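Handing you a structure now.
Letters A, B and C mark the chains as written, and numbering starts fresh at 1 in each.
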Amino acid sequence: MNWGRLIVKNAAKTALAAAIALPMSIGMNAAASAETTLRVVMHSDLKIVDPIWTTAYMSRNYGYMVYDTLFAMDSDTTVHPQMVDTYTVSDDKLAYTLTLRDGLKWHDGAPVTSEDCIASIKRWGSKDSMGQKLLEFVADFTVVDDKTFTINMKKPYGLVIASLAKPSSNVPFMMPKRVAETPSSDQITDYTGSGPFVFNTEEWKPGDVAVFEKFDDYVPRSEPASWGAGGKVVNVDRVEWISIKDHQTAVNALLEGEVDYLEAPPTDLLPLFEGNDDITAKILNPLGNQYMFRLNWLHPPFDNVKMRRAALMAINQVDFVQATIGNPDYYKECPAMFVCGTSFASDEGTEIVMKSDIEGAKKLLEEAGYDGTPVVVMQSTDVDVLNNLGPVAADKLKQAGFNVDLQAMDWQTLVARRAKKEAPSEGGWNVFMTSWTAADILNPISAAGYGASCDKAWFGWPCDEKMEELREAFATETDEGKQKALAIEIQKRAMEVVTHAHAGQWYQVPAWRSDKLSGVLGGPFPIFWNIAKSE
Amino acid sequence: MFGFIIQRLLATIPVLGMVAVFVFLMLRLTPGDPAAVLAGDNGTPEQIEQIRQSLGLNEPLLVQLGIWVGNLLQGDFGQSYFFKKDVAELILLRVEPTLALAITTLILTIAVAVPIGVIAAYKHGTWIDRAVMAFSVAGFSVPVFVLGYILIYVFAMEVKLFPVQGYKEISDGFWPFLHRLILPSITLSVIYIALIARITRASVLEILGEDYIRTAYAKGLTPSTVLRKHALRNAAVPIVTVIGIGIALLIGGVVVTESVYNIPGLGRLTVDAVLGRDYPTIQAVIIVFSFVYVVINLLVDLTYSLLDPRIRY
Amino acid sequence: MTEGTENLVDAAASADASSRRATVWEQLVRNTSVMVGGAIMALMVLIAICAPLLGTMDPSDIDPAWRNKKPGTERTLTADDGTQSTWVYLMGTDTLGRDTYSRVIYGAQVSLAVGLIVAVLSLAIGLVVGMVSGYIRWLDGIVMRVMDGLMAIPGILLAIALVSLADAGLVTVILAITIPEIPRVVRLVRSIVLSIREEPYVEAAISVGTRLHLILIRHVLPNTIAPLIVQGTYICASAILVEAILSFLGVGIPPETPTWGNIMAEGRILFRVFPHNILFPGIFLAITVLAVNMLGDGLRDTLDPRMRKRL
């Protein structure tokens, strides 16, 4: 074993680091008296520090700290330039010319250039589904000067700016060219960004704490901050993301003031904050999240559209949100698949998931000749907001007459198993449930659930030509009114052929020490600029 | 004796090898795919396939095993799939908290359990005995996490004696370090105190029935001398065995305590790695654990012969 | 000649055993802790068997509209024919609106089964392996190294692996809890064997050529019973708890099947707000553990000849 050597090596490294750091830390201690540290408990710990390589929400949240975006969406879901100063679209809609703001710098001090941005768009576009769609329409990029570049299209595409302003995973974050040239199959190892915070790699203890420091050279926009748009003004010196696995402990730590902010306390524990003037618990992401009920098209019984419709009849939204969230203040029955309160929201064709029609489901099941094939429902047991979905789904399907096999497993087993195309009896599955941040599913291109390209579609592999045609039409449509009409068509089609069902809208309720923090902003991802802390 | 130690140390090699191969195969046969985890919740099937390729998970099993063993022999545990850091580095970061928790718990356990066990045996059938037994029953009828919550609620929230959670390195000062370890150690030690007190009581009780104890009394020795010189010494073998087992249990069993008190130790690293299917980390942690177990068991065996000269090696 | 002497030694041993047998029953009946412990255990087993008759509902019946109700909440049920009846949630409900009382009562079935099966399995296997290992020197090294290896694999990993290789369920969880217990029993048995094999009467038996299995059964086995019973009660109690911990980590018996452990594990997040989901199964668990221990202690006091000598 090589432990002896390793320990010695490490000790030597530490000693060396300490020797170097010593004079520095003496200098820093003088300033440290005024240093403010924001202590935050996120919903999970930071594992992967490459927000393009993975769609994990923690990596996205990390991305918003360290990187900046060309465009960003504000709280009205309107897109604004962020790193971009001005942009022009040619009359034939084939050339988008973007000019960057003055004074943008990477954390290493180098200026942000057009080349950097082009490389970043390419890396993101090779990975992200919306980015791939965009690149299909892009002919090439031309550099005009250090701060200006043009995106040349093959044919008009309606979602160019919307794609670059995509608010959730994968977000098109801008990285230095040398970093963005990392193949998208490899994780990056250089964490230089141009965002409002610098990631402190030295102090990062994976699974324990991740540390961010204010980037002094960041130039915020002058507009007020709103979601990812506007001026990202940082008012603290340090942000620490502390990983606390146990919810009870995290809540206790907030009550005792050991941490300042919880991203995702369980709603059932929120009563503990009631009547406590020092703590505010409030919905910050107005769009919230949406549960998804997903069926596997490859295997009986759900290879038959009637069976899928029967399943849809059996379930209803309110049972799901009640069982997981419980408090009606924090959930909403929402008939719109593209999320209530957004531009493509519509009630058409979705009444089937709003109420259980057990008798109707039974009848349909009989009609379709259900032969008692077991339905494997996967239930995750270690993600609090998902745990109770499986039993509810199983219960409803059982009532409708399905022969249900509810299988409990940890979430990681579930995500691995849902990728398996084998028959349920050979390690595959029939039903699973998950949740999406609303920001991911605002349109039928970014929302993975509507893809119906058979083998290539998202897990469940729906296969429907008409749906694919509708999505293609939506993607190439540039008129907003017509886009909306197409979105409604897509929603109706999704319900007809049952790609998936929206099983209720729910909200995360962050809680923070309002006796210390001010300026907490809402958004579809946690925002740590604009927050000021007084001890 | 020296030859025995050498022989035992050599014997650890096949054990570690066995564990290594067993764990490797078990992980690969376990459904669960690190690539699916890495890709994130919205990962597409293509992205997952790409990640599988880049991690070398599509290679035949034996090739993967070969590569891993080859690296291991050179002292390279590999890189964590998630953090892209050397596993050895990750483990070293986590050793101190776990070691600290294990040691404080062990000290607390032995300091409490052995004396009360002996006293209970000596006062067999009295209220003291019953009280000790009642405690030891209560001690392991409460799940660790419940006990943890209760202690936090009482001693950290109501009476604000201790912090709710967290860990400070010993280099941050001894008192902050110890202050944060007190509640976790109590939480964790209760079940071991219960176990070891019982075993101590049972063993001493058995010895007290032996003829030579009566002889000792007959010689006119005081009860405390009899207890110390004869009873405890002879009862020591099972006690040491259980303490050895206790240490082994401790290493594996800190998981829940670490989670409740948010201590960044090896237990949590292991669970996170297992749940995330971070193969290189799991494999390395288990090999390190195996090594520690083997060493502890060796120490236990050596203690036997010190305590009981009838046992020779 | 050898045969004759051997018979003599054996006869002495069995004479001792039969005289003990005659009085054991009386002693057991006279021992209060055996009686009380046994009575409680019998009651628990009875509860487990009669669960459907004890005014319970289906423990996996969910009703999100009635989640997180405090103990004693009343609910008016309307049957299909229009008659109304009142259902009282004696122990409240959990986050899915399942009746905690019914879950605790049904939970007795699985929890007791887990505790007892794990204890019996690990003692039986551990005893055999430990005796053989402690007695046959050349095997000792190999067996103990295998045991070390077995012990080194964290139970949780084993549980996850087994649960995902087969389906999550009673059998896999029992296996996952039993396997790490075995080496511990083996080490305990072995340590006893190591002391005993040097005893004069064992050496005497060897010198007269008594066969190995007879020595083990007649001389070694009786000496292991007392510590094993203590160990067994501990394993039984801890198996019930380990099952709870596996649930805490999300890899235990599927929550659809209630066990005291997973009721508590599921209820743990709401400990501060709705403690009843931890309290009630916890009380049942504690009483059962108490009974198992009383039974164990009583049995040991009665069965161990040396204890008898002293009393």
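Here is the rule we use: a contact is a pair of C-beta atoms (placed from the backbone, for glycine too) under 8 Å apart; a residue touches a chain by one contact, two chains touch by 3 or more.
Keep in mind that what you see is a predicted model, and the values were worked out from it rather than measured.
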Closest chain to the protein's overall Cα mean, using per-chain Cα means, please. B
Of A-C and A-B, the pair with more C-beta contacts is A-B
Calculate how many whole Å lie between the centre of chain B and the centre of chain C, each centre taken as the average of the chain's C-alpha atoms. 21
Per the centroid of Cα atoms for each chain, what is the distance between chain A and chain C, given in Å? 46
Based only on mean CA positions, could you tell me how far chain A sits from chain B in angstrom? 38
Using the touch rule from the top of the page, what residues of chain B touch 2 or more other chains? 31-32, 149, 153, 275
Multi-chain contacts only, two chains or more: what residues does chain A have there? 248, 382, 410-411, 413
Quick check on chain C: which residues sit in contact with 2+ other chains? 160, 164, 249-250, 268, 271-272
Considering the complex alone, what residue numbers of chain C touch chain A? 60, 62, 64-65, 67-68, 95-97, 160, 163-164, 167-168, 249-251, 254-256, 268-274
Interfacial residue positions of chain B with respect to chain C in the complex: 7, 11-12, 14-16, 18-19, 22-23, 26-27, 29-32, 133, 136-138, 140-146, 149, 153, 191, 195, 198-199, 202-203, 205-206, 208-210, 237-238, 241-242, 244-245, 248, 252, 255-256, 270-271, 274-275, 282, 286, 289-290, 293-294, 297, 300, 304, 308, 310-311
As the complex stands, chain B meets chain A at residues 31-33, 36-48, 50-51, 53-54, 74-76, 80, 82-85, 88-90, 92-93, 149, 152-153, 156-157, 160, 163-166, 259-262, 264, 268-269, 272, 275-277, 288, 291
Would you pull the chain C residues touching chain B in the complex into a rising list? 141, 144-146, 148-149, 151-157, 160-161, 164-165, 180, 184, 187-188, 191-192, 194-195, 198, 226-227, 230, 234, 237-238, 241, 244-245, 248-250, 261, 264-265, 268, 271-272, 278, 282, 285-286, 288-290, 293, 297, 300, 304, 306-307, 309-310
Within the complex, chain C is touched by chain A residues 247-248, 251, 266, 268-269, 271-272, 318-320, 322-323, 326, 379-382, 384, 387-388, 391-392, 395, 406-411, 413
